[in-house]
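Shared between the two complexes below is chain A, which has chain B as its partner in the first and chain C in the second.
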Partner chain A sequence: MKFLFHNKPIEARPGDTIGAALYRNGQRIFSRSFKYHRPRGLMCVSGKCPNCLMNVDGIPNIRTCITPAREEMTVKAQNAYPSLETDFLSITQRFDWLMPVGWYYKTLTYPAMWHAAEPTIRKVAGLGEILPSAPTEYEHAWAHAETGVIGGGWTGMQAALAAAERGEQVILIDDQAALGGQLLYRESAGQMPGDVIARLQSTTNIRILQNSYCFGLYEGNLLGVLQRDPHTAVSERLIHLRARQIVVATGAYETPLLFPNNDLVGVMLSTGVLRLLHLYGVPAGRRAVIVGESAAAEEISAELGAGGIELMAIVKPDAVIRATGAGKVDGIQTQTGHISCDLIVICGPRVPDTGLIAQAGGKIEWSDAQGAFLPTVLPRLVTAVGDAAGESIANTGIRFAASKRAFVCLCSDVSSTDLCDGIAEGFDQIETLKRYTTATMGPCQGRMCQLSAIGVCVRETGRSFAQTGMTTSRPPNPGVTLGALAGPNHHPVRRTPMHYAHSNLGAVWMDMGDWQRPRYYTNRSTASEADRVLLEYHSVREAAGLIDVSTLGKLDVRGADSGKLLDKVYTHRFSDLRPGRVRYALMCDEGGVILDDGTISRLSEGCYFVTTTSGNLDFVHQWLEWHLSCTKWDVRITNVTAGYGAMNLAGPKSRDILRELTDCDLDSTSFPYMACRQAEVKGIPAILLRIGFVGETGWEIHCPAESAEELWRAILDTGREFGIQPFGVEAQRLLRLEKRHVIVGVDTDALTNPYDADMGWAVKLDKNDFVGKRLLTHAQTTKDQSREHLVGFVLQAPGLPPDGAAIVVDGQPAGRVTSSRYSPAKTAGIGLAWVKTEKAQEGALIDVRVDGGLVKAKVTMTPFYDPEGRRLRQ
Partner chain B sequence: MKRSALFYLHQRAGAEFAECHGWEMPFSFASPEAEESQVHEHAGLTDLSYRQKFDTGTQPPPPFWNLGKNHYLVVGEPPLDPPAESTDVTGVYADLFLAGPRSKAVLSKLTSLNVSEDKFPDLSCAQANLAHVHAIVLREDFRSIPGFHILVSREYGESVWEAIVHAGQEFHLQPFGLGALRLLRY
Partner chain C sequence: MSFQLPCPNCGNRSVYEFRFGGEMKQTPGSDAPVSEWQNYRFNRVNAAGIQAEWWFHRSGCRQWLQAVRNTISNEVLESFLPPEHRG
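And now, the complex of A and B:
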């Protein structure tokens, strides 16, 4: 197969990774480093170091050394301009003396310099670039198992088989393309028994997750697993795996040695060389020098010979002075002289992969004997086996030199000298040293550098490894894309039963939480929003309007003690509400602060119909259940919000329209304001509430959701000859504002009590004890003058303040605007605002901040439109 | 006629409608026979929102679903007698029925609920988060084919249906109508 690398076709064999195919085709420089733009080549060939990160099909930071090649992929380098071979920014190396560790904390502090430098630094920093148009598909999945085994090497496979034999449901997670771990590329690790994989695949209670890495172990043995399946179109699949017990068989990984120029292209870990050779058939070089202690080095030399790589020498780590070459290795300088070579094979220390054990709360402690941090105490239901527990770990001769070009952190270009400077500045604890130098904080998350960083710290501070310790392992490690965590691009949306009727009328939508509501309707008109809203407004005031209020929360409350519960939780009295009546319902907390409002209708002796604001239904339902739970009252509360569609028909012609659709007597004598009836409207059973949020004669009609659209259409059809218009949230806001009707949460806040907002009439202090009674009584008797008051205002000049605009009195801030609109009734801007008590008087003058200037306004304590409420009661 | 939350979604999918207890429900999307065999072999999703549902705090006569302490749900084909002291919640929930041998695999992409055979056998019920929405899941197999009723608050109906269809793509999930349902049941 072929893929494109910078528009050059590259041949790849089946089973090749992008990195292996590029290497076979002669590519040696794979990336440029973060800070100094030094050329970097393959080093670990196992997805642990940052050297092979490239942009694949528009997605940045792909580890090409472990990503399978696919037909027609497009691969591009990143962080290198103009090319990998020649990167202009590598000139920064000449100025490394200007950029010691932590330089950005100490320089550029002159204001002028920082403003100039920051945009440039931001542009230059970073590795890959995100292209929003890159096609991605993310999936989530959940899995449950009795035993989760992490790691599909020899030990992991054995653990999975053993657990399955005990009858457990097992999930085996492996991050490679095939099971086997080291057995696949290290002859010295042993031979792969032929039948093991076959047995695993045929055992029905073992599920194998290939190409999956475990990035975190969370509370309750919840594992975060990221799967990249090359055979599907899914970019990444995030699996939430809950396992009763976990076996960590993650093995150990090799880390580099420290010596000057240890990051040159052509310096590779021995396991990297072996993987290239045995997994992909690619010899990493022609003439190699092995750096390592005898035993390990001998092992590798035999395998290199078999792979056709000429062995020039074996050098002990202590004898290395530096690697030589301009960008690419051309030799190694040792104590006994210079050896030419094109490949330096590092036999580095092997670090047990204990991150997950640490996340589970296990203890990881240093072992001098083995030269590694090993798990010593494990939490319940978590076991560590194999190299992860330190089985064959024997690291000797770890060398931690201090030199400018001995790179400790490859991801951030942090050298051992940088670490020494940091320690000298006082950051001598491993955690603070890490944060100050950013060592271990890059893409490799410490895999290539943590041991070296600790080693340098030990050397400089004179403390032991045990005393120095490790940095905290936190998930996700390795990193996870935000897209994978977010999952499928699917945000739940809440739609009313009349949703498509609104679409057909050209509704312009607004999001209110998850609900979609019409802001206004275009209805085949090209007029502006302001004009359309005005049209809807005038229809309601002069003829009739219909608005969908299905988003209101609705609770069915029934039982002999329902009245008692409502009396306890709301501020008004409801136990004496006669069947057929509706009352405004205000709810406060123990502090007397307004929580929510709505209406409560007594449908029958034992049944109340409670409405709440759209966003607060869940809270109100829980609040009622909470207060019910500490009594033995006979009350049953059911959330019926979704079961009813609701619409408000309002306007002087609303009775004429409704009369055509129902036999219910709508005359004010039989159906007065604040009454409720149950009747059929167009044959559909409905609850009719005669209330008036918008200030005109009208009914709030609730009917079964499955018939709500039908009723909506029927009312609009019948009302057409009377001039009915559907109206949206924007018009409703204006209509209610003219009536000075408060919206909880918009005009009130987390400190408002009913007396501040002139709603004391809704509080019945002569009831039995109810929620908030004590502090409401206190508020009502004390009449604290220092509290602010909610008032209406009429602007005396053109201009409209935004919500939250300041009220100014004598040049001082003296309150804020909560809502403001242009009022056709007053032909002026109006609004509601919080002001100090002195200004809460009819006719008081205040200044309102509008567009950076001040506009005079007059305070009013009564509604702007129909203050006596005559139109409502018609 | 009464319409479920999914009516327009079914319309867009090319459904042919039929009357079912006063509701306008999809009879078929392709053909009842094709839809039936899809459910037998892979997975299918249908809309049973017309079923009557009652919520009560006192144990009713069987059959019923016990959702929690003093919380029972009675669901069934109309006409149903309302149990004593119950509230009619027929319209509150959209009832999406996911059935077929791959239905568990589809669910495993949408919810953390453990629907394995030993933890969630036939006639189990649970409440869980499904496609980011609170759901009541009722397992009702028919003739050894696993089936799951997914009850969500009506306003989320379209969202959840779309999420299930999307998750079911890799398992060849197809919508099916009343025609196929009849064939599957008898």
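And now, the complex of A and C:
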């Protein structure tokens, strides 16, 4: 198996991670540090330190030490130019005196300075670069368990088996490639009992998630789990795992020691050395010096010898003066002299991994006896076992030396001297010190540096560990790619039953909520949008037009008390609506603010057909159900939006066209304006509503969705000789604006009551109690002059204001435009606007802001087109 | 926020399946003073503690329900379908 590292083929063995294969092939420098571009090499070999981050297949910041190598991967270094071995920017460490802790707070004190410096800082410092075109796919999954066990080490496996024996459904989450935890690489931890793993794998009520880490433990025992490479189609899967109880068996991790040059390539944690040796068969070096307290160091030395690494010396942490070497370790200076070596093995303090417990509200407190922060109070239904609970943790004699080159935070190059400086400047609380120095805030999220940072703080302030405390643990930890959080890259759209008929007519689409609607039709013409919209407009005004209105919300409301419910929730009266009639329906909240509008048709004594605006259907449905929920009324509400296709046939020729398709009497005396009929059109059962949003004779035709495309085509075919055109949303908006018909949510807002919008006629204050009645009555009687009023305006000069343009009166802002279009009927720009009530008078003059200047406009309180509504009723 | 809410119809479900419907409060009478209606419409108790509230099970049975929740711990003490006698 081969992969490419900077175009160089690298041989990898089965089971190798990228990091292990690179190391076996002689690669020692894996990254360049954040600030000083110091060379860094493998250290923890467990995905916890920031040293091995690389770009893999275009995705930055991949932890190569735990990412399996795969055929034909392309792997590249980050934050290094021109190469890892020679990085020109490593010059920055010579100028570290220019960049003390917090230097940018002190020097870049004016916005202009920061803006000038930012591009350079971003280029010089940092991690990998995001490549937006990287071909990655993510998915989300949901899982439930009675017991969730986090950690596949010895105690985690035991906990999973015990829960399974109690008959519980168990999910075991392990961030490694194989179960076993430290048994896999530490001989001193004991022998791997072969049958345990076999038992786990054969127990049917245990599900094992390998290569998966928990990044958060949220309220209600919800675990955020990130599974790497769940299958070939996606790179990561985010699992929302809900468990009744959670066992935290996350173990402990080893952390570095503080001495000068503790970050040189070749300084590794003992567990890292053992992992390389036992998991991948790669000796980390030839001649090693172990730094550690005697017992731990003895244990490690025995294992190194078995791996063919020559032991040069064991040095107590107290005796270390500095590691030596230019970039890579060539020896160690101790109080008794210099020892040559190519590997320094650190037996560092072991830190219980309690991040998840802290996130869930558990209490973590310092134990002097064990030299560690341990969970003392656990959240409900969360338990901690093994090293995470502090079982075999015993850290002694940890030293927190101050040095310019003793790095506490490897992620952002914060040395122990930097921390001391921060404390001297007054940031002596661990939380403020963290924010000022950025220690614990990098990709490792404090795993490698938190104990050292606290230790330095303790030493400098003279407080105890218990007094100093820990920084707050927050999810996600470890970090999660934004792509995994976002999930699959698709957005659902809703299409009307006539969608493909529109496509054939060259529809140009617009999104309206989830719906796609034709904005206008090109119909194989190369004319401009404006010309096409004008053509659609003139067909409606002079012949006929057909628009798809299937996106309207449609509710079937039936039952003996339906009229009572509609009377209560809408402002108009519907209990007295005769079957076969339609009424405009306006809905307000208790404050009298307009929520939605539509039409309500009474199809029969006990059955109403309610339409809502496209975007408000769910809200209206829930609002009706809520008002019904505490009653014993006989009402059933069914959302039939997707069941019906709907189209509006409008224009002076519409009756002639429809007459050829139906036997229903369409004459104005038998089928007048605001009437409804159920009839067959071209043999398709339909509901016909004689209403006119666009201001012409017309019918809104609702029919079963499966027949809607057929009916659409039939009407267009029949209408061809009458000059019919399909029209889109843009022409409809212009047509309705000429009629001054309001669109709720466009021309109204969260303050609008019906009186402000001249729709008081739709409010029946004389009917029994209804939603909003009390405050609408108040509004109607007080006629508050400080409120704004919705008016029409006609521009007195060329130009067209954008939506939201300011209205100006006497040089002062006095309102805003909500809709405006060029009106062919008025041969001028027209629109709707909110103005102060005193300007809401026929003929009043206002100024509208257009293209940076002011244009005079005349207020009108009547429709711009056919003010008497004769054409509607024809 | 990721607690679970027991739906009387569907059982214990993630709160993301529900729409929050606000605090339960007594609707003023039709002739109550304007100030009382304004208070009803615009003001909230926003209790830090036990609160009775409306929820709508949007991604489930699509029913309105009532729940008693501790807003500090998000523990739901009980939930039930609305009694039918108050309208």
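Just so it is clear, the second predicted complex is superposed on the first by the 863 of 874 C-alpha atoms of A that agree within 3 Å, B and C clash if a C-alpha of one lies under 4 Å from a C-alpha of the other, contacts with A are read in each partner's own complex, and residues count from 1 in each chain.
The rule we apply is simple: contacts are C-beta pairs under 8 Å (C-beta built on N, C-alpha and C of every residue); 3 or more make two chains touch, one makes a residue touch a chain.
Everything quoted here is computed from the prediction, not taken from an experiment.
Asker: Go through the superposed model and pick first if A:590 touches only chain B, second if only chain C, both, or neither.
Answerer: second
Asker: Look at A:220 in the shared chain and tell me whether it touches chain B only, chain C only, both, or neither; answer first, second, both or neither.
Answerer: second
Asker: Is A:139 in contact with chain B, with chain C, with both, or with neither (first, second, both, neither)?
Answerer: first
Asker: Of chain B and chain C, which one touches more residues of chain A?
Answerer: Of chain B and chain C, the partner in contact with more residues of chain A is B.
Asker: First (chain B), second (chain C), both or neither: which does A:775 touch?
Answerer: So A:775 only meets chain C here.
Asker: If we overlay the two complexes on their shared chain A, which of chain B and chain C does A:622 touch? Say first, second, both or neither.
Answerer: Second partner only, chain C.
Asker: On the A-aligned overlay, A:816 touches which partner chain: chain B = first, chain C = second, or both, or neither?
Answerer: neither
Asker: Could you look at A:630 and tell me whether it touches chain B, chain C, both or neither (first, second, both, neither)?
Answerer: A:630 sits against chain C, while chain B stays out of touch.
Asker: After the superposition on A, what does A:37 contact: first (chain B), second (chain C), both or neither?
Answerer: neither
Asker: Counting only touches as set out at the top, which of chain B and chain C does A:640 meet: first, second, both, neither?
Answerer: first
Asker: Go through chain A and flag every residue that touches chain B in one model and chain C in the other.
Answerer: Residues 242, which sit in both footprints.
Asker: Which chain C residues qualify as touching chain A in the complex?
Answerer: 1-4, 14-15, 19, 21, 27-28, 30-32, 34, 37-38, 40-42, 54, 56, 58, 62-64, 74, 82-87
Asker: Quick one: which bits of chain A touch chain B in the complex? Just the residue numbers, please.
Answerer: 139-144, 169, 232, 240, 242, 488, 490-497, 499-500, 515, 550, 556, 558, 636, 638-644, 704-707, 709-710
Asker: Provide the residue numbers of chain A that touch chain C in the complex, in ascending order.
Answerer: Residues 218-220, 222, 242, 589-591, 618, 622, 625-626, 629-633, 769, 773-775, 778 of chain A touch chain C in their complex.
Asker: Inside the complex, what are the residues of chain B that reach chain A?
Answerer: 1-5, 8, 23, 49, 55-57, 85, 87-93, 108-109, 111-114, 116, 119, 131-133, 153-160, 162-163, 166-167, 170
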